[in-house]
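Both complexes below contain subunit A, partnered by subunit B and then by subunit C.
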Partner chain A sequence: MSVSDTSFRDSRLAFALRQGGGIVLSLAATLLGLLLVTFFIGRVVPIDPVLAVVGERATQAQYDAVREALGLDQPLWKQFGIYVWDALHGDFGQSIRTREPVVDEIRRYFPATLELATLATIFGVIVGVPAGVIAATRPGSLIDQIVRIVGLMGYSMPVFWLGLMGLLLFYGILGWVGGPGQLDAGYQMLMEFELTRHTGMILLDTALNGRWDMFANALSHIVLPAGILGYTSMAYISRMTRSFMMNELGQEYITTARVKGMPEWRVIWVHALKNVMVPLITVVALSYAYLLEGSVLTETIFAWPGLGSYITDALFAADMPAVLGGTVVVGVVFIGLNMLSDILYRLVDPRAK
Partner chain B sequence: MSGAEMKRGGVIAWLREPNPHSRTQARLGQAYLSWLRMRRNPLAMVGLTIVLLLLVMAALAPWLAPHDPYVQDLTRRLLPPGTPGHLLGTDDFGRDILSRIIYGSRITLYIVVLVAVSAPVLGLLIGTVSGYFGGFVDQVLMRITDIFLAFPRLILALALVAVLGPGIENAVLAIALTAWPPYARVARAETLTVRSSDYIAAVRLQGAGAPRIIWGHVMPMCLPSVIIRVTLDMAGVILIAAGLGFLGLGVQPPLPEWGLMISSGRKFLFEQWWVATMPGLAIFIVSLGFNLLGDGLRDVLDPRNSGK
Partner chain C sequence: MSDLLTIRDLRVTFDTETGPVEAVRGVSFRLGRERLGIVGESGSGKTITGRSVLRLIRPPGRIEAAEMTFDGIDLTRISEREMRALRGPRIAMVMQDPKYSLNPVMKVGAQLTEGLRLRDRLGAAEARRKAIEALEAVQIRDPERVMEAYPHELSGGMGQRVMIAMMLIPNPDLLIADEPTSALDVTVQAEVLSILDGLVRDRGMGLIFISHDLRLVARFCDRVLVMYKGRIVEEVAAGELTRAKHPYTQGLLNCLPRIGGSRAPLPGLDRDADWARA
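Let's turn to the complex of A and B:
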């Protein structure tokens, strides 16, 4: 290849730009599609949004006024344009139950979900990665079978049932952990008055306020839902780690390292694991995204005031702006995490094109 | 007896014939070899047994169930497991839990079968068309697929059910509408490898149109990988259906759907634990069965995995 250095760099740059442009374009298209789907769901729904605002006894004039204010007299394509414009500015309309802007409510509920999902992911990585590595180094052994079966069980259990069983065993029978909710009832009352909500995450807020008694109580409440969510993500992470590791251990540089007399733990935990980390980043990002989904059911079981509870509560109150606003936010986070894992992968692994 | 044995040996020899005389013989021989490979995988056989038991349970429900799943008897409510006549106890209306689980297998199977025949067909159609034509069509269809993949499945299903209203058919529709994108991806990838092969060129030269080529010559090639994917996805479908039922958005009472039964037992979880526990065990065992079977099938049918 007789390519001069500068032109090579130029083509690299052009390539990177084209890739970056492609990513931005496809991100924009996906987001637009997401909004299109929620827009259609919102239009097809058999609840009259005007009636939901004005009530049954409104006069025709009031009805028309609200209809105009909501932009429902415009043609459909124009309505969609307005919807996208508003959504880009963080406006998802008003909640029908509380009359508050949906985006403010979501801002209040979201941190709790984020906290739960983050703890669960940490748990999944801490347990899942070593389990996968150990299973891969002894394929077919008893420990490999155990990791595989425990993982498959994680795939096969309904997360809401697992949550109930966890409550029954660890809260009802053993009394090791706190029950549903973020705090005990007594602390819950205190929280309203004595706690400054810096972040909206209960563990961080209690710690920042220096209320360690409250922190301990919050910890006893979060450990079970986070552990159960973490189990499902551990199942996924350990399985993927195992297969990546198996692949890596078959490579020639591993044989070379072994022949040179490198201790086996170093071969596995330093050399091979370093390369396994690359594809593992995408796996962890994806499992983080899936936890958002798992949190919908888990939060209803544990009365956890997060986005999942928000969406399901809104659903039963026929509060469509809230449901769709929540759906869009979850979708955006989901798309964002997917995109992030994609970009990280490209950054870390120079072979990926 | 020896005659029967001879005949059996004859059938196996016919199946193992290295030079098959007909297409059917070749196909059946291939299937027999796959079966032999799968029989060596104990976990896959456990999965197969569970799925077969589910089929038997659903088919013979009226004969297997000791009680009517709908008849209420308030004098016999919330009896613990092991009570004579009620192996798994009774629920808050005095209905026999075992009988309800047995009848519930029909509902689970109904949902699984409906999703398994609708979502893959849609995915196959979109994937093959996208892969065969390429270019602009491919761009548009794959972008749509990406959008649906970008939604978390349960949340999209929730939003759809909110629009369609709760009920078993709407739950199936919502699940199917969220389940097709992976099949489209798989089918498209298969199509891309098949598209440029000589036999497709030969059919095209004979004057076959695009619909005929896609339907008759491309789709059959995509089927094996799609079928493996379907088996692996069935556990997920069962879990989402149960989740919708649990939230009260899927199958409606008094139908004995397992997720719904768990949610009705939630009220007395700490006093009468069995009401919520038993149907959950049923969901767990069945979806574990599908997962084990799907894993085994993939190992057997997908040569890329056979080395592991």
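Let's turn to the complex of A and C:
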């Protein structure tokens, strides 16, 4: 037995390595494709990158000098090589508006989006999964109808409308939450001087600095945008959970668990949910990725200094390095989350190993 | 011998969009600590009859019976909670295909021990020891490894033995075996059957053996009920199968080939609408 046992393990390891290699390879290919697309977008838009740097009144000599400095006199394939090389080293060029490296700006903006999207997704999972499960166990009941209608509203009502109505009601009329922005104006000033930005995420940073007054203020500002994004995410997650759950509850192993006399909570929340988790991981990861792309509308309405606002503002200013840098970051986040869900999927489903 | 199970006029109805469909229509039988076979073709109601005893018919199915008593307990009256206390320790069921009837994402060990841990409140080590004993009882040679395996890593025969072990751990009084070997390779069918047979005999439990294979059932059971379209059309003692009178039973017997028998085309199964009537 020991012989067969070790070979069994060896082949398993080899298999895992092969799979891991496959993932890395497909990751690299996807990344290269992404860079290729952004590179060509950068070349075909009718914006002269040299002109954007030197301005309209530059002399031909100045123009040529910058053109050379940007590498635009090189053949296209070489330009692409330089672009990929730079991108791999975290260099997406300079923002035309601010003259700052794009990567530094993204580093400043992205945490705000990350924080918002993470809170929203946590909300979506914590509310959406149980709601979907409960709806699936009582199909056609009142609670199922409520989950269905609330969910339907969640993904059919435009988020900018929800955002405006939310602001009007909870901020304007009731005064329960903070308004647009990450902090009240007074705190915003203080933040510049008194807060060490460890992570760039406002809740974490205020907590890490022990500024609980600021933390409470930040919380009152994030709760509405996170709640609204979380609502749309919850709507999707609850619908998907319900349908996955319905499917699992019809399976024979569920009958087995009942035949064993297992209580209903265990049948549903352990036996069935473990199986629901498998497809649900992909759903949650995709919904998270979608929010991480920067919810442009939500960030605009709530004056949230995130990636969505950053890319939109850059676009209006024809700041191509910033737009493309932001796009690459979004793409990388998307690819990364896809890979993560692939790995998690393998952990949860023993058959996928 | 007192009866373990008495069923009188069992009816199972499914309300569908095209009106109610009666899957089981007035089935009555009594069972002691003996082996009862239920035979019939697909859709004859044999599986539904078995699951009715456990009250595991999913809505929109409805179970009605003039009497359904298990060991003096009125199964039509007791609450779901009381019913749950019977499932497992008193009545258990082995299903057709271990590929579907074992939870694919739980280790075999976890599935075997959960009843012991949850119901009998045993510690992890004690539950594990009992589960390994149960696996040894169904002649699994390396139980330690099987405990750590996931169902998809087992062969069909292994899976079904795990299933039998799992159902027999709490030592039930009645076991319902619903086509327990139909999904298995012919070569392991006999093995699994003899294991099941031995355990049921040793522990003196009642057995309802559901199958479409009349000869197989006759080998393992004392009595055989033949079902057709939700009704029992004939009851025969297993030894007197050849003397079965009902044409449907004879049809079931004759539709199987025999080694060394005549090579003439097998007769089709006669289905007379009259047999389905009361």
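Just so we're on the same page, the second predicted complex is superposed on the first by the 333 of 353 C-alpha atoms of A that agree within 3 Å, B and C clash if a C-alpha of one lies under 4 Å from a C-alpha of the other, contacts with A are read in each partner's own complex, and residues count from 1 in each chain.
Heads up, the rule we're going with is that a contact is a pair of C-beta atoms (placed from the backbone, for glycine too) under 8 Å apart; a residue touches a chain by one contact, two chains touch by 3 or more.
These numbers were taken from a predicted model, which means no experiment stands behind them.
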{"item": "Combined model on subunit A where subunit B meets subunit C, clash or fit", "value": "fit"}
{"item": "Which superposed partner A:T327 touches (first subunit B, second subunit C, both, neither)", "value": "first"}
{"item": "First, second, both or neither for A:Y253, with subunit B first and subunit C second", "value": "second"}
{"item": "Subunit B versus subunit C as contact partner of A:S141, first or second or both or neither", "value": "neither"}
{"item": "Which superposed partner A:T199 touches (first subunit B, second subunit C, both, neither)", "value": "neither"}
{"item": "First (subunit B), second (subunit C), both or neither touched by A:T38", "value": "first"}
{"item": "Subunit B, subunit C and vertex subunit A (Cα centres) - angle in steps of 10°", "value": "80"}
{"item": "Partner chain in contact with A:Q74 - subunit B first, subunit C second, else both or neither", "value": "neither"}
{"item": "Touching partner for A:Q188 - first (subunit B), second (subunit C), both, neither", "value": "neither"}
{"item": "Shortest CA-CA distance in Å separating subunit B from subunit C in the superposed model", "value": "11"}
{"item": "Common ground on subunit A, meaning residues reached by subunit C in one complex and by subunit B in the other", "value": "none"}
{"item": "Subunit A-touching residues of subunit B, taken from the complex the two chains share", "value": "143-144, 146-148, 150-156, 158-160, 162-163, 165, 235, 239, 242-243, 246-249, 259, 262, 266, 269-270, 273, 276-277, 280, 283-284, 287-288, 291-292, 295, 308"}
{"item": "Partner subunit A, residues of subunit C touching it in the complex", "value": "51, 54, 56, 58, 84-89, 92-93, 95-97, 100-106, 114-115, 118-119, 142, 145, 150, 152-153, 163, 166-167"}
{"item": "Subunit A residues within the subunit B interface of the complex", "value": "26, 29-30, 33-34, 36-38, 41, 44-46, 152-153, 155-161, 164-165, 167-168, 172, 243, 246, 289-290, 292-293, 296-297, 300, 311-312, 315-316, 320, 323-324, 326-327, 330-331, 334-335, 338"}
{"item": "Subunit C-facing residues of subunit A, complex", "value": "1, 5, 250-253, 255-263, 266, 271, 274-275, 277-278, 348-351"}
